[in-house]
């Protein structure tokens, strides 16, 4: 079983060598552990130049998806190192964003660039770093700079992936608060009769006007910077 | 009943011959196996085999076995009896009656059985001759394996995003107590507005034209008219305006007091 | 294999394809089980022609010591069959099957799904429960369902392990099955033939029938418990 010279001797020199290469290739492939040249040479009683054959095989596999490498005292096939991260089968698990996550995302989308403290100011509750981590994982937000205020806090903004996912061409495509109101996504305040009138009358509550103006300015600033 | 050695022998050297058959009854896998072996001895295609001759051979085989006082299992005897019956059906005229298969049909069935068994043996041999994993061919000795990575894919729709933002804003608005300003145009506002215009009105102009641009809203408009009229009286009293009304209920005209500019 | 694309770092059209080939090669080398084209295609979201790439890889490995083969519904690398004797790597000494075992395995493979009574009808002799036990132990056969006839007997079929062991692409890849189908020796109406035979031919003697019934009850218990 181990001896193979009976068949190899009667073939021509070239195919003899090719046959020896095939055998080494098969041996190294099938072996559970790396094989050294001596172990391989045991299969070639007629004294083939095993190191030269291995070297040839090593060359042939150079640059392929599988390489012949020398590890732990022997030769073995290994998938090419540069492909390692592509081998893992990715199993996609759909996951929903938490309430805090979607609100934070919305604030970042509307107010970017916005610091964490500002997000907390708008939400009225602290933003856990876990929430930002999850949003980072989605690839929808990213740090976009620093606010030039004491402590130079990081500012957050949305990414192209965000636009892609939500089917927006541009961050300015997000509907304004008044449009949200018009579509019923923001409920009417019980005392908003005057506010509605504020669109046409100069009696608008000063605070509301100021806030809206600021939001719009910020949105414009961002898009300018992008 | 199973005799692997006998099988191996026959696989290598073909069917055992004559006497060997008789004495080695245990080497057979049942009566059909015996029949097939006997049939092979006719050395013709199984479809052309003489069932009559086969039946005779089988009966002779069993008779020999019994003469040699070999223990013959019941199923071999049942087959012998059935073959004797088949023989009679083949030799005698067919009795009338559609329910019974004819002798030829029975023979054809037997032929089919033999052919199928032979076919199965043929493919069994071919199957076992295939290169076998870990005996003839080998897979990779040390496969790295493909790790499965769980990749979360977050899902959120634009609607959810907008609704979340809308609710957030609403929540914020609800949290702030806002005093709704009165809807009436106040005397103070009218006074302020008129005072800004004083000195720029050399010609008589309708008081109405000094009203702020109010659309609809009858109550507010009327309050504006009243407030503006009261303010004009106040300013006339202070000597800054002149008022004129040509007739009762007619329009009120106003102009800056000459010299006030 | 003669080409050694040592420097496949840039992504021009040709080396892009080479890179795809490398990845498929690595995937198939790394995987312990055969991979089908669909599984491989998951790695190529941009929609590479995976079947064509596999075919190219198969050609490259033809004649080498290791071949790319289609087994049990997927692609996998195997040492070349002609090197079997020279490798001397017998890893597992397969249990030697009895003649009854081999025949029963073949009948199950070619007639699946098939009941025990049908196997007996074909072999003309009772199938001992030991035979089925041994075959079950190999992992090559398994109960695959029940025949909707009186008694609802268990039907048997072959497994993926069977296909892997014998290097078969699928259950239709059995040697000679097409000829057997064409001549009516397999397929068409195995049940009808077996039943007719059972009624008219004395292949299932009384004793065997009793034994069979008992065994089948056991088998049913087994499959029910599994």
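Side notes on the structure shown:
Should a chain be cited, it is by its letter among A, B and C, assigned in written order, with residues numbered from 1 in that chain.
The criterion applied here is as follows: a residue touches a chain if its C-beta (ideal position, glycine included) is under 8 Å from a C-beta of that chain, and two chains touch if they have at least 3 such contacts.
Fair warning: this is a prediction, and the values are worked out from it, not measured in the lab.
In terms of Cα centroid distance from the overall Cα mean, chain B ranks first. For subunit C, the chain whose average C-alpha position is most distant is A. A straight line joining the Cα centres of subunit A and subunit C is 39 Å long. In terms of their C-alpha centroids, the spacing between subunit A and subunit B amounts to 27 Å. Put simply, the C-alpha centre of subunit B and that of subunit C have 26 angstrom between them. For subunit B, residues touching at least two other chains, in rising order: 138-140, 144, 146. Subunit C has residues 27, 29-30, 77, 79-80, 87, 89-90 in contact with two or more other chains. Taken in their complex, subunit C has these residues touching subunit A: 1-2, 4-8, 21-27, 29-30, 39, 42-43, 63-66, 77, 79-80, 83, 85-90. If you check the complex, the residues on subunit B that touch subunit C are 1-4, 6-7, 29-33, 35, 73-75, 78-79, 81-82, 101, 106, 109-110, 112-113, 115-117, 119-124, 126-128, 130-140, 143-146. In the complex of the two chains, the subunit B residues touching subunit A come out as 138-142, 144, 146-158, 160-175, 178, 180-181, 183, 212, 214-215. Across the complex, subunit A meets subunit B through its residues 26, 29-33, 76-79, 87-97, 99, 102-103, 105-107, 109-110, 122-124, 134, 137-138, 140, 165-168, 174-175, 177, 180-181, 185-187, 189, 191, 193-194, 200-203, 205, 207.
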